[in-house]
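Read through the structures below before going on.
Next come two complexes, and both contain subunit A; in the first it sits with subunit B, in the second with subunit C.
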Partner chain A sequence: MRYLPHTQEDIADMLKKIGAGSLDDLFTSIPDDCRRKSDLDLPQAKTEWELNRHMSGLAEQMAVCPDYKVFIGAGSYDHYIPEVIKQLLGRSEFFTAYTPYQPEMSQGTLQAIYEYQTLTTRLLGLDVANASMYDGASSLAEALLMSVRITRRKKVAISRLIHPLYRQVVRTYFAPTEFEVVELPVLESGQTDMTGLQDLETFAGVAVQSPNYFGCIENLSALGEKIHSDNKTLFIVSFTEPLAYGILKNPGSLGADIACGEGQSLGVPSSFGGPGLGMFAAKKTYMRNMPGRLVGRTQDIEGKRGFVLTLSTREQHIRREKATSNICSNQGLCATAAAMYMATLGGTGIRKLAELNHDKAAYLQNELKTAGFEVPFDTPVFNEFVVKFPEGFEKTYANLLAKKIVPGLSLTPDYPEFPDYYLLCVTETMDKADMDLLVKEVTS
Partner chain B sequence: MKELSELNFPDDVMYTDDHEWTKMENDETIIGISDYAQDQLGDIVFVELPQVGETFEKGAEFGTVESVKAVSELFLPVSGEIVAVNDALEDTPELLNNEPYTGGWMLRIKLSEKSELDQLMNKSAYLESLKG
Partner chain C sequence: MKDLMGSTGLILNEPLLWEKGKKGRTGFSLPNSDVPSSPLVEELIGVGPDFPDLSEVDVVRHYTHLSTWNFGVDSGMYPLGSCTMKYNPKTNERQASLPGLAQAHPLLPTELAQGVLRIMFDLEKHLAEITGLPAVTLQPAAGAQGELTGMLLFYAFHMMNKERRTKILIPDTAHGTNPASAALCGFRSISVASNAQGVLSPDDVDALMDEDTAGIMVTNPNTLGLFEEHIKQISDIVHAKGGLVYADGANMNAVMGMVNMADLGVDVLHLNLHKTFSTPHGGGGPGSGPVCVTKRLEPFLPVPRVVHVQGRYELSYDFPESIGKVHAFYGNFGIQIRAYSYILSMGDQLKTASQLAVLNANYLKESLRDIFHLPYDRPCMHECVFTDKHQQAYKVSTLDIAKRLIDYGFHPPTVYFPLVVQGALMMEPTETESKEDLDRFIEALRQIAQEAKDNPDLLLQAPVKTKVRRLDETMAARKPCLAG
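Here is the complex of A and B:
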C-alpha cells in the first residue's frame, strides 16, 4: 500500500513550478549537517490488512478495562462515559473543527467552551477558568510560573505527594529559568509536611495536590492558612481526580488562589494515557496573569448575546515573546466533552457518582484491612488508597496479571522510601464481585 | 483618533519618543503617558505598575497599559527609584484617557541622574516628532 500521495511526476512538476531543480535545492536553507544523508531504516511497507493485524497485535499487549480488572488510577481513571456524550461529541461541528475562534463563524464552539469555563469555576469554587490547558501536569507548571509573574519572587515549593510525572513536567518547565523548585516531604499520615517550610516571604507559590498521589485528602484549609500567613504567597491546589470535589469541599472555598489539574475523569477516555484536559481556574484578582485563552460573553451591536475570545491582547499570537505564557491553543474537544459530562450529570449526579466512588473504594480498603493487609496511612481518602503488601508481592502480582487482574500500582519506583507500597483505585465501574475476587486472590 | 491640533500638550512637561511625559516637582519627577499615546491606544482597561521602592534604569520597561486593542509596554524616561504609584488607576484606568496629565499620572520617581532630563523633548520638539 502506498501511504504517500505524490508520484515522482507530481514532485517534479511542483519543483518546476517553484523553480527548484531538485528536492535538495528546496532544502538549501537547512544547514547541511542538519540534513539526513542515509535512507530511513524502516521495515517493508505493509498491506492494509497486515497493518490492521499489526495494530491489533499491539493493542492486545495492553491490559485494558473491562477485559482486565484494573485497580489503578494514579492520574488516569476508568469512569463510565454516558452514551449521550459520545453521540454529541461525534457531531462534526465539534469533532472536526480546528481552533475555530472567529466569533462570526463559531458561536457554537465558543459557547461550548464558555459553558466549560463556567462549570469548571463552579466545580473548583473559583472566579475565573480558562478555556483549558494541555493536561494536569502543564496546568500545574503554568500555575507555578503564574505565581512567579504575580509575586516577582524566584522560588516555588511543591509537595512530594503531587503526581511524580507532574513534578517532572514542572522541573522541565523550570530547568531553563532562574527559578528554584523546592520539594516538601511526606508526613506519616500520608499528607504534605509543611513544617520545614521557612522564609515563606521568598516563595512565589506553594502547590499541593488533593486528593494527593497516595489518595489521601490534604488538609487544605490548614495548609492555605499557613501559606497565606505571608500575604503575597499563592496557594496552588493541583488535582488528578476532579470528581472528588463532588463530595469534598472545593479548592476555592478552602483558600486556593489557583486550582489546576487533570480533567480526564470528566468524560474523556483513558486511552493510552492521553489526550488529557488541563483544568485551570483562579481568583479574579489574578485573571490578567492567567495563561491560555479565555472565552467571554458579550453583546453585538443589536444587543444580542455572543461569545468571543477575550483578553487575547495578552496572548502569544498578538504579544509574541511578551505574552503571558506560550500556550497558543487549548484542549477544545476534551473541554467540550467535560462540559457535556458535567452538564449531563448535573450537581446531584456528580455528587452521587463521587459518593459511589468513595463508598466502593472504602469497601475494598476495609476488606483488605480485614484480610490482614496493612493500610499505612490513617487519613481519609476518595477513590484511591495505599496498601502495604507483604514482601515478595511481585510474584502474586504476576500471577494475578495472568488472571487479568491488575492489583494496583507499585509506588516503589517513584518513592523508594516506601517499599512494597501499592496504590489502588476503585471507580464506579468496579463491582463487588470484582473487589471480592481481588481480596480472595491476594489472600490465597 | 484625533488630529494633533485637537490633542493637548502642556508646556510644563517634557516628552519622550515612547510618548511618556515627565514633570519635575521639587526633587522628584512625575511620569505619565501623553494625550497622543492615550488617543492612539483607545479605551484603556487595565494598567500594570511597579511597586514603591523598586529602582529602574532609564529606558527600562516599568509596566504595561492594556487597551481594548493591545497591551503596550511602558518605558521609564529617567533612571530612579519609585516613591509613589497612582493606585487610583487600578480601579479607574480610564483616568489615563480622560486626564492623562493630571488624574492619570502613573509614578513619582526620585531621580538618580538629573542630567537625563536634558535629553527629553519640550512641547515643540515633541510636536515636531509627531508630525514626523
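Here is the complex of A and C:
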C-alpha cells in the first residue's frame, strides 16, 4: 500500500530494536478477551484508478449546474468561486497543518486567520471575531448560550424566521439545560413580530436573522432599539448569506451585540451542506465571553510582528468544564477560503457582486409577479424570496425536476401555516435565460 | 547528523492584506449584468465593508508567501501526540472536488442526490464495521461536537428512564474537551485518577460510580498511549449502576482491526476522521466527528438519517426519540468523502496501518529511552510520552526541546499534555513515517539532548531559523489585538 512505507526488512529491524517477535506481540497490553475475533469486513482495497472510476460514477448521479438549474438557497448558496482560491487553498502547507500550537512554524495560518478575523469584523461592523465555528447553526446556539452566561438570565427568544434547521440545532443544544427558548412569530410583512415580547428583563438574548429565511430584510434598527430598552438583553443577529452585507447596513451599525451565521457563501462550495464555516463576531465588551479560538497580534523577542493563539484561558484545554465552549477544531481552512474570497472581491467588488445578486433575484421575483403568481411579502429581499404557487403545484414541481429545473423549496413542511409557499433563490450564477425559462415553465 | 533537515532559505516578508492594494483594483471576474438594475431603498444601503482592493496577482503572492511560513504533514514529520498527523492522500482531494459532489445542494430532492447519500450510507456501514458499533451518525462537525452528541445521547437515554443523572466520571488523563462537552449537558465532571501504571483501576471507578452518575468517558488507548486494560471490568461496573460508557476515539489509530468496541462494553464512541481516517486538518479544521453507538442507543441518534428503502436512499426524520440536530445539514460532508475514499483505498490494510503506527511509536520509545525520562515504562500503543526530567539539570525544559526541534526541521510533539505528567513530550509518529524519517528524528533529539548538556543556550534561544523567533504570548493576552 503506497501510504505505508515499511519494507519487511524495516519491520524486522524495528521489531528487533523493540525486542518483539512479531507485530502482534506489540499488542500484548490488550487482554485476550478484548481482542477482536474476526477480520475487518471491508471492500477489497481499490487502486487509485478504480477509486476514480467509482467516485466519478457516484458524482454523476448528482443534479448540479450547469446541467441542472437549481433555484434553492435556504442556507447554502451557489456562488462563483475563483480558481485562485481553489489553487491557493491547495497549498498543502496550509491544508496539511494542524491547529497552530507552535506559532513559529505556523505564521502562515496565524496571519491568514488574523486577516479573516479582521475582514469579518469589517463586514459585520463589530469589534472582534473568532477564528470560526462549525456552521451557522451551532454559531447561533453558542451565541445564545453566551448571552445566558453574560446576563445569567434563563430565557432566550428566537425569531421563527430564523432558518428552521438552525432553530432545531438551538433546541438540541438547549434541551439538557434549564434554559428556555421562546419563538417570535411572523408579521404579514414577512418580518419578525416582536410586539408580543413581554418581560424583556427576563431574556438573556433575542435573535433574529437578516436577510431572514424568507429572504426578507429585517428592520434591525427598530428591533435593536426595542431589545436594548432593557440594558442587559443582548441583540443577536444571525445570517445565512453574508454577501448581503456587501451592500446592506451591517448588523453592528444597527445595534447588534453579536452577529453570527454561515459563511459558506464566501468562496466555499456547497458540498452537500458542509464544510462551511460559522462566522462569529461581537462587541469588544464581550470578548472574554466568546467561544472559539482567537488569533492575536504580538511580537517576537527581536520585536518583529507575529501572531499567536490567544486568550486561551477561555478554552477547554485550559479551563476544562468551565470553558466558554467545548469547541476545539473549527473550520480553519474554510475561514482561510473566506478571507481569500473577501480579498479577491475587495471593497469595490463585494458591493458590485451584492448588487448583482440583489438585481437578479428582484428580476425573477418581478417576472413571476407579472406572470400572475402571488408574492406574499412586500418587504425588500436580498437573493431569496417567497412565491405562492397555485394549489397542486407539486405536480408541476415533479415535471420540472424531470426537465432538470429545481424550482425552489416548499416552505410547507416547516411552516404549515403557509401552504403552497415556495422559497426561491437566485445568485450571480443564474442567467436571465435560465430565469425566463423557469417563468415559462411554471406558467405553462 | 549528515543531512540536517532544517536549513535556512530566503524568507519573503509579506504585509497584511490591507497594507497593500489600491482602490479600484479587483481580483474577481465580475460578470456583466443581464437584468435591469433594481435599486434597494436608500435607508437599507450601508457604506460597504472596508476591504482592500487587490489584483489577482496581489492575492496570489500574498497567500503563497504566507504558506511558506507554515509547516504541514507534506513538509515533514509532525509527531503531534493525540493528533494523528498521518499523510493526507492526494487522491482524496480529487474525489472531494468532483463537481457532482462539491456543488451538490444539501436540500436537493433525494432522487437527485443518490450519489452523496450512498457515500454517507456506505461510510456509516464501514465505520460501524471498524468500531464494532452498529449504528452511526456522521453529523458532528468535529471530535468535540461528537462528544457533545454523545453526552446528549446519555442525557436522552437517562431521561427515557425518567432519570436526571448529574455527574459523569472522567479520567485525569482526558482531553479538556471531555469535561467541557459534558458540562454543556449539565453533567458535573468527577475526576478519576489514573493509577501508578497510567491506567484506570476498576476499584477507583467502583468507588465513584453511583446511581446519580450518567456514566464514564474513557479515551482508549488513553493519552499516555496506554491501553486501558481493565476496560471490560470498568464497563461492567458502570453498567451495573445503570450508567453508560463513552469512548473518546481520538486514539482509534492504534486499534483498528485489533479490538471491537462493543465487546469492550462501549456504548458510544466518536471518531476523528481528521485523525484516524487521514483527512487534512486545514490548520485548525474542518474536522469531522462521527458517533457510533450500540443498538439500544440508536433511536436517539441525530436526524435526518440515511436509510435505504426499496433500492433508493432517503433522508428520514422519522425517529421520534432522536436528540435532534447538531449541524444545520449533515455535517462536514466534504470531509466524509475524503475518509470514505481513504477507507476504499486501504481496505483491510487499515489493520496494518494500526500495527505500523504502534510499531513506529514503540521504536521511538526504545530509541530514546536512554536520553529522555519515560514516566510509564510499559509497552505503548500509537504514542509514547517522555518528560524533560533528565534535562532539567541543565535548566532547559520541554518547551526549549520543542523549539529546538523546529530548527532541526521537525514539528514538535504535543507538549505539557497529558496534565498528569510534568513536562510531558507526547510523540505520535503515525504509520506513514518511514524508518529513515524516524531515525532522523531520533538523531535530532539525541543531538538536542547533547546540546542541552554542552550548550543549553542553543535550546533556550531556539528557534532561530524560522520567520519569527519566540513570540510574546503574555503581551498578546494582556493587550489583545484581534483585528487590524
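Methods note: the second predicted complex is superposed on the first by the 383 of 444 C-alpha atoms of A that agree within 3 Å, B and C clash if a C-alpha of one lies under 4 Å from a C-alpha of the other, contacts with A are read in each partner's own complex, and residues count from 1 in each chain.
The criterion applied here is as follows: a residue touches a chain if its C-beta (ideal position, glycine included) is under 8 Å from a C-beta of that chain, and two chains touch if they have at least 3 such contacts.
This one's a predicted model, so the numbers in the text were calculated from it and none came from an experiment.
S.K.: When the two structures are overlaid on chain A, which partner does A:318 contact: first (subunit B), second (subunit C), both, or neither?
M.R.: both
S.K.: Contact-wise, after the overlay, does A:199 reach subunit B, subunit C, both or neither (first, second, both, neither)?
M.R.: Neither partner.
S.K.: Please indicate which partner A:97 is in contact with in the superposed arrangement: first for subunit B, second for subunit C, both, or neither.
M.R.: second
S.K.: Show which residues of subunit A both subunit B and subunit C reach, each in its own complex.
M.R.: 313, 318-319, 322
S.K.: So in the complex, the part of subunit A that touches subunit B is made up of which residues?
M.R.: 288, 313-314, 318-319, 322
S.K.: Across the complex, what residues on subunit B touch subunit A?
M.R.: 46, 48, 66-71, 73
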